[in-house]
């Protein structure tokens, strides 16, 4: 019997009521059969990257985070756009992860999703993140891209999940296409 | 008598032996007459941006940082490139600053410089930072751009300053051109 | 009596029914008092850039185009996004212009506008064009940015002009702000 | 017996003495066993893209070019950087190709190489081209990236091929790694 595809979900926002968190919350019900999504821990406790700290040893949160990425069959990053780019906190996580021995993004299939209140839905963030992933040797899924614009109108009344049918459909379509992509590109 | 142009210098690296810090250390002696450069404090103590924290009040370090930017006639950001983009810590600082009332980068003249061990000298970081500055309405100086590649060969033996003559010259040229640019675009 | 600000408008699309052409057609009525907008000729007859052709002399269309840019007080580029970037034809024009002696974009105030059928309204094109303009030393206006998404719903019934009130307002706002910017940054 | 991997090589420069053409000329001798590289025709005769022309039928050069891409197992684009981005002529080719029925870049493995006289070796061009390839659903090879900086010092005395040993090695390394990547990602 085929094993499941284990996908780690990284949320780029720390805000409790975040639209991107609402996407993360909705992924398990939109994932295709055979894909299991698990939310990664918050990157809030990770200190600002400093090579002098690294020289004394990686913070345990970073090591644990890297192990979670390494153990996953794929990663989905769901993030807001801050100032037309990647949130500093998410980038700081990646900066730490990138220094780990056996850098865990190497060869990893990655999908990107973003939500924002604007029409652009976080697109500018995604193209910056794609460039970062070139350096990390991660295979970023191509299309359909998931940009959730005007996100305030797409969440459920309690703000916990994505309610909008069109948005749910494009996310489900991406997840369904990401699965064979991850299996193909991630195969040893 | 004309007053001096006060320029705040933000260093994107926290590492003590950083090549970018060596640039920052060298700016006062390369600045043209009439320009005074002041190093901004470290962004290390600033927490990872979280809108829920902001809702309870800006951290005092952020408020102070914003006031320093607001008071300056111009800003120079000197930063390494991490993972083909802006260091997370520097971006996190900017993410906080961008939420301040009277966002202080608005209308501010900004110059960019970067150093790295690679041939590209941090160029990929600078173009991402330029895009962020569009949102913030900061006027980023154009050319000459300062990309210090193979930076290990350009520092003084103690690593504290930039020794390479060609590098010093391009930095001095940028500073000399930044001064009238800042005066023109920053004029009320 | 103050002279008018002469602004050259470059259309990035050759299609007769282009949404971007509809924007160009609408600019004269949205321009503030004191700004005169003039549509530049089509770049269709300009050959694909080849340094070996340049070595035998610039095509007369390129020389004339460069003179028009040089004579203008500012330039507005209105363009679609092709394949997430700048249309090849528009880029080819710029590639020729960039080789002219006394490169005419140098120091020129430039504003960007784009329309597309998608939600993003051509944003990806604009950030690539901004990067090109860094090399050319052109001063690109910051915000408000003009991204006309879902453009098919914004044009007049005959497709010749922009009818949507919100879109007309944001364009007029940009033009009104571009005028003092161009006067300030373009002043000798 | 295994068939060869057929790779189409697209040169982004039309100049006879182009450094990028020197790379193209050198690829056959650097390709690993089992990879055959074929130079694509010049894009010089292709008109500037115009949807009104397309409506009357694709130019025969475009159709033929698209068929060559479709028939190949992979594509290598070797191009200079013009004005910090993709040359207009190369982009114009891609703009036409992107409109073909059965868009031939879809699912195609693609590798990028660039040469320039500057230190950066065309890097800015490559990241713009990567963004375009997201839209086209082409799988762009990750690392090693090939940026040939200071290219005038890397060519043979007659300018026809790449003579520099370090450059030849990095190109050969990329080609050797591109081969299994193309076989894996391109497998039906």
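Structural remarks
As written, the chains take the letters A, B, C and D, and residue 1 is the first residue of each chain.
By definition in this document, contacts are C-beta pairs under 8 Å (C-beta built on N, C-alpha and C of every residue); 3 or more make two chains touch, one makes a residue touch a chain.
Treat the numbers as computed from the prediction; the structure is a model and nothing was measured.
Steps from subunit A to subunit C, minimised over paths through touching chains, total 1. Set side by side, A-D and B-D show the greater C-beta contact count at A-D. Inter-chain spacing, taken between the CA centroids of subunit A and subunit D, is 31 Å.
Per-chain Cα centroids separate subunit A from subunit B by 29 Å.
Averaged C-alpha coordinates put the centre of subunit B at 36 Å from the centre of subunit D.
Within subunit B, the positions touching two or more other chains are listed as 124, 127, 131, 134-135. Contact residues on subunit D toward subunit A in their complex (touch as defined above): 127, 130-131, 134-135, 137-139, 142-143, 145, 184-185, 187. On subunit A, the positions that touch subunit B within their shared complex are 13-16, 18, 43-44, 46-52, 82-95, 98, 124, 128, 131-132, 134-136. Residues of subunit A that touch subunit C in their complex: 119-121, 123-124, 127, 147, 149.
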